[in-house]
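Pasting a structure here, questions to come.
Every chain is named by a letter (A, B, C, D and E) in the order it is written, and numbering of its residues begins at 1.
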Amino acid sequence: MGILQKFKQMFSTVPMLGWFLGILAAVLIEYFWGYDYISYYLGLPKIPVLFGALIMLKEPVMIPGALAYDLIVYVIPVLAVAKLSCFITNPGAALLEKLPLWLSAVIHLVCFYAILHLWAGINDYRVLVVKLTLVSIILTVSINVINGYQGEFSCSHPGFMALGAYVSSILTLVLFTNDKIFGTALLPPALGPYLFPLVLVVGGAAAAIGSLAVAIPSFRTRGDYLAIISLAFMFIVKSAVENLNIIGGARGMGGQPDLAPLPVIFFWTMLCIWVIHNFVTSILGKALNTVRDDEAAAESMTVKTRKTKMTAFMFGAFWAGVAGGLFAHVLTYINPGMFSINRLAEILAMVYFGGLNSIVGSIVGAVSINVLGEALRPLELFKWIIIPLILIFVMIFRPYGLISFTEINAKKLLEAKHKRQQGVSP
Amino acid sequence: MQLNIQNLNVSYGNIKALHGISFSVAAGEILTIIGANGAGKSTTLRAISRMIPCESGSVMEFNGRNILKYSADKVVSKLGISHVPEGRRIFGNLTVTENLTLACFARKDKDQIEADRKWVFDLFPRLEERRHQLAGTLSGGEQQMLAVGRGYMSGHQMMLLDEPSMGLAPLLMLDMFDALREINKLGTTILLVEQNARLALKFAQRGYVIENGSLVLEGPTDELLDNPEVKKAYLGA
Amino acid sequence: FSARKTIIKIGINAPLTGDIPKVGEGSKYAAQMWLEDIENAGGLEVGGKKYEVELVIEDNESKAESAVKANTKMITQDDVLAIVGPQSSKQAVPAGEVANKYKTVMISPWSTNPSTTLDRPYVFRGCFLDPFQGPVVANFITEEFGFTKAAVLYDVASDYPKGLAEVFKQAWEDKHGAGSVVAYESFTTKDTDFSSQLTKIVKSGAEVLFTPQYYNEVPLIVSQAKNLGWTGPIVGSDSWGSAETIELCGEDCYGLFFSSHYAAAGAKGATKAFIDRYEKTYGYIPDDVAALTWDALRLAQQAIQDAGKLTGKIEKDREAVRDALAQIKDFDGITGKMTFTEEGDPIKCAVIVRINHQGEYEFYGSSCP
Amino acid sequence: MTALLHVENMTHFFGGLRAVHNYNLNIAPRQIFGLIGPNGAGKTTIFNLITGVYTPTEGKIRLENKNIKGLETNQIAAMGLGRTFQNLALWRHMNVVDHIRMAHYAQLDYGLLGAFFNSRACRDQENRVRENAHRLMQLFDIEKYADDLVTSLPYGAQRRVEMARAMATKPKVLFLDEPTAGMTPDELVKMIRIIRQVHQDFNVAIFLIEHRMKFVMELCETIQTLVFGEVIAQGPPEEIQNNPQVIEAYLGKEDMT
Amino acid sequence: MEPLIESFNYILQNIINALQRGSFYAVISIGYSMVYGVLMLFNFAHGDIFMVGTYIGFGIATLLLATFSGLVPPPVIFLATVVITMFLASWIGVFVEVAGYRPLRQAPRASAAITGLMIGIIFETTILIMLGAKRLSFPPLMETVNYHIGGIYITNVKAMIIIISLLLMLALHAFIQKTKWGMAMRAMSYDFLAVPLMGVSINIIAPLTFAVGAGLAAVAGILYGQAYPILDPYMGVLLGWKAFVAAILGGRGSIKGAALAGYLLGFIEIFVATVFPSTLRDFIAYSIILVILTFRPRGFFGMEHSTKLRL
């Protein structure tokens, strides 16, 4: 315990920028020497993916090697650089603080993306995992709007996702590709990347409109009954798609153009987080909480509860739709089976594991479940014992999820960390 | 002494609600604890009925038996201490009769139970009228009566009453306290917690004053009624 | 530099968990048997040089996206030279996309859906296609029984049965005119009660019931049909071809027919050898999927050896392997002779299997393109 | 007619039960009006009827000569009926300051888009709301709890939060349902002071239900007594206090409070 | 005349089919509704408890058949299987309560739901690991006899299933309404913190509830094994969700509502498939449910829900 305290103490002076620099160093090391030297001399077949988790589980003999690799490539450089660079990063951060918050936030994000890009660039498997994780983040944050902030137990998210995925896929297939189903492209494929945002928005809108099927009943009923309505909605969407043979029915539809490279997905994820953050911290957004905690009181305090419920569902559904669109264009193949009970269980697990009523929580939840899911692959069946156990323990010891009822405070996050000490020293 | 409390400490999370209070109640007496909101009255009762845990070092004895050895349900079924909680807590989805029957869950003495039920209905004729009504649809006053009746059925060694007058019309309030006196006459010790200090002090024989978590005054009620501080703080004179 | 010694890695993309774990198990066992052989031979000899061989077995949870992930991982992370699997088209179709994108040979042993290999030079398969299988069954029924009215019962939510059902309907109606499929009934995955559909079918006056379902649904369908007064024959497809079908179905299934890739009972030569060995090691008669996986692996092996030599530059080698594979002429596998079309589909005979009264799958007839 | 709030022949049934019968009410601007009666008489129901929680079976309800019967509760509230609840209706997972902020809902006009993209209008209005919220919290001296969850507050403080919240909706008439339930006499005195102050600073009319006679008598200008959903007496405190019917049905002989 | 009789038989036949299907949904739903109604918690483990129950039943049945078949009449074996299985399965229920739900009594209901979901997955996987990938087929506990009455077919198994289910439901209803245990359970569903004050221990009532629920699931499992004799570790999942639907469609906490909804589900599924092209079955079935709940916001017998939403 004491050591941990000291440790915290020691690094409390490192600003976000410092950590970025540290990670950057690590990534660069891996990028230049990871394959040819470090992993080679540690006797690893190649750069261990996911911090060696896979390889460690597959071949225990490699454990020391993998751990050494993590130590050399990640732990040591990150900590060392982060700590040592304080003398420049803190002034840097202080400088950025002079800028308007949004600008400095954008700058930080750009740096972060650059690093992420380098790291993922090592191989496409990482890229895929990162992409899918980002999509999950959108899903989780958006369902948190309904199930966390608004407190309903909505099971329709896979349905919304499906709507988004299919609508946007159809659009891109019709517009930008020559394929068996919809014939030749209506627009020059070159336009794809530019119109893709529009496509996603349309997909999201479709999901939002679909969500009315759940939102309108929510005027008169709620809680468990609404849960069933939403569940029914999910099954209805799935069954409907299965019966639409033009879009492939159960066979699913493939061949979507690859319009969702990492930067695009990253952008949309950040946008989603930003917008939802703004919303839930505004009074209009807090209205969701009042409806959850006591609807009658909300009404008497002039809150338009119907409008509020409607907003919650359509807004959440919209982002689910966007996520679906991205998902479809990452896998370049979708089928109705993907948007069913399994997906639902996954999404619910992510949001409740991460934490209710908190965007940070949702991000944590999405990332950890995704990474766990990949990292434990080699365990085959046992993976499905370990992950549930982890979730159960989290639920028991943190019933509201890992991080709940807390919002991002960009200012605190990005500020320079040495000012306090100055405050102390005369 | 029937109930004997020594150095009772209770906290909710990191909020300390009771700072080592000690007091005792003699068999058959009516004792009241008065105090401001959040002083710790309900907490005291909850601790005795084991609804909330108390910190180590606390001593609670009832007829010489260590209460801490019993779980909440055993305190009722084995020691015969019943607790009429703040805000009634009657079972709205059960009928009046069912509420009373459930109160005797752990009791075996069939005919005694019958007698008690009859007695309760005599005490509160209103309840008998509404025997088969769902308790949830009773008005505030009737619910309070049911709560007390239920408490009496579940155990009559001692009754812990938490603000039985809360939200009652003056007239009903009088009925209620007459009823309680009746119950006491049958030999049930009563530990009463009240906001309405004057009422409580007029009703009880002995009283304690609790201020944010510790007992500050103790004595026969008539003394307390004359005590200037009490007058100032609780009788709004 | 980085003088790592080249290991030949073969990826196996199989449904070890999920809806059809038995299929995954079969694939895995077959692969392990194959590896055993290679290891006994002290490695795989390519261009006069022996290489160590390693299997990378990934679970696709019989989910499409999981299959995609698995392929991406095996190709970009584990540097596999070729991939065998996935088995069901549900996974094979999307996974094939990935393999083709990264120019890595993928042989799906059991995926019978055309789009798996369509326009994908790097994707091959080890079995015939539904457009072939459908008519085969239709012809067989017509010739065998001379029926003209057929009923179909299939799972709408599952890619393969749906596809095959459509093909069969088409073929049958081409033969016997429109409306000759008198009942075309469906259910969804994981359903266990088919009574309303079967009642309909019985009422429709169909003479034969075709149901291209997996081994875990067949027994339910058959027994429920009998209980609802169905007396005619029931015919199935290659998805029946698992030892479990009969284990679970018992007497009810005796005397029924299905189209398949090979027939275990009364097999000869290499096929028999394989079956006996498999049964000896794992204690049950290998399913189609095992045999097909075995063939697929042998195809891969052949292709690698034909490639001549390995440069150690994985991209190069993969390309070489692909070309070699496309070249292979009547490769003789335990499920029949194979030569690939330019789509990467083998020209292969289908076998009609009869479940005899000892509950064995015996060869009844075969039909070739 | 000058009545701020005007109710005429209001009757309401719950299924078979007639909870309120031919109820009439006229509240003048800045008047403090009391409603007393035995448990189950229908007092809270009357509150719920006027504030739109239930719509009365019969009757007229007008606020400043505008009909409000049949409108949604939130509309009625926005038109100027603020209220507190008999058994606290606070928002479990929200802190005190957010409670006060929320009550400004109807006074905002930046749209949803404003909220999503955090427009200038949004920021300005939110800031104004914050300031106002702090003023209110000072007045009801709950500022020290500003960032605590309401559930962790002492009972009395929770009641004050409810009142502050109601005031934040800028009401013309303030409905209080047993504001002093479960308060000690000295807190009761404090509450009287607060209500008086509110009454002056915001010049609102107040309509309150109480069982604590001391409180009612001291505060109210006019008192109605309700029994079984019907008004049996109305008038100034001393008159009510000595009205034999009222004593018979409600007060009883000795005064215990 | 002929065709008229025929279509009449046709309908009759489907009614029987629906009754059988409905019986399963009903029995499983009331089991679900036990836990749901009493503790107000979604019991997403129920489907998998049902699955485990079925496997236990399978074990017992094979064991008994191996040892006693021929020595004692089949009905005895059948009863023995039911009783033993119920007993064992109820302990599974208790386990779930103690391990997964007890620690979460004060927690948000959703967390309990997730825990249930996870426990379910653990059950599935454990079975899969223990018994391997191969499916099992449930041994018939009685000789199937297929009666052909007029135009309709009914097996003795079907008849038995329908009858036993009805009996079970009546028994449970009596238990809940008449016994003091049932009373305690209902009280608990209203305000479980006040229950100990009646001298009733929550830590007895709650596990008891789970036990009863699991026991019912187990019986359902055995009957299921007779009708659809193929066991696989995931067999409970879909049924579990459908039970969830039925339990709530019936109205929260209402046992008879759950039973009714169960049968309704059965009938909807069967008859939609008979009237419409069966591809549209799910689509229509769930649309109907959605519509019902839209216009009957509290299900069939649900109680008024509060304006507060317990997370």
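Here, a residue touches a chain if its C-beta (ideal position, glycine included) is under 8 Å from a C-beta of that chain, and two chains touch if they have at least 3 such contacts.
Only a predicted model underlies this, so the values are computations on that prediction, with no experimental measurement involved.
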{"item": "Chain labels contacting subunit C and also subunit E", "value": "A"}
{"item": "Chain pair whose interface holds the most contacting C-beta pairs", "value": "A-E"}
{"item": "Chain separated most widely from subunit A, comparing mean CA positions", "value": "B"}
{"item": "Centre-to-centre distance between subunit C and subunit B (centres being mean Cα positions), rounded to whole Å", "value": "75"}
{"item": "Subunit A and subunit D: spacing of chain centres that average the CA atoms, whole Å", "value": "45"}
{"item": "Centre-to-centre distance between subunit C and subunit A (centres being mean Cα positions), rounded to whole Å", "value": "37"}
{"item": "Centre-to-centre distance between subunit D and subunit B (centres being mean Cα positions), rounded to whole Å", "value": "31"}
{"item": "Junction residues of subunit E, two or more chains touched", "value": "128, 237-238, 279, 281-282, 307-308, 311"}
{"item": "Two or more partner chains touched - positions in subunit C", "value": "17, 156, 188"}
{"item": "Residue ranges of subunit C touching subunit A (in the complex, touch as defined)", "value": "1-2, 4, 7, 16-17, 58-59, 63-65, 68-69, 72-73, 75-77, 79, 90, 93-94, 97, 102, 113, 115, 156-159, 162-163, 188-189"}
{"item": "Interfacial residue positions of subunit E with respect to subunit C in the complex", "value": "6, 10, 13-14, 17-18, 20-21, 128, 132-135, 137, 144, 146, 148, 153, 155, 158, 227-230, 232, 234-235, 237-238, 269-271, 273-274, 277-279, 281-282"}
{"item": "Of subunit E, residues touching subunit B in the complex", "value": "180, 183-184, 186-187, 189-191, 193-202, 253, 303"}
{"item": "Touching residues on subunit A, where the partner in the complex is subunit C", "value": "35-36, 40, 45-46, 49, 123-125, 128-129, 132, 238-239, 242-243, 249-252, 254-255, 331-333, 335-338, 342, 374, 377, 380-381, 384"}
{"item": "Residues on subunit B engaged by subunit E in the complex (per definition of touch)", "value": "49-51, 71-74, 76-77, 82-83, 85, 89-94, 98, 101-103, 105-107, 150-151, 154-155"}
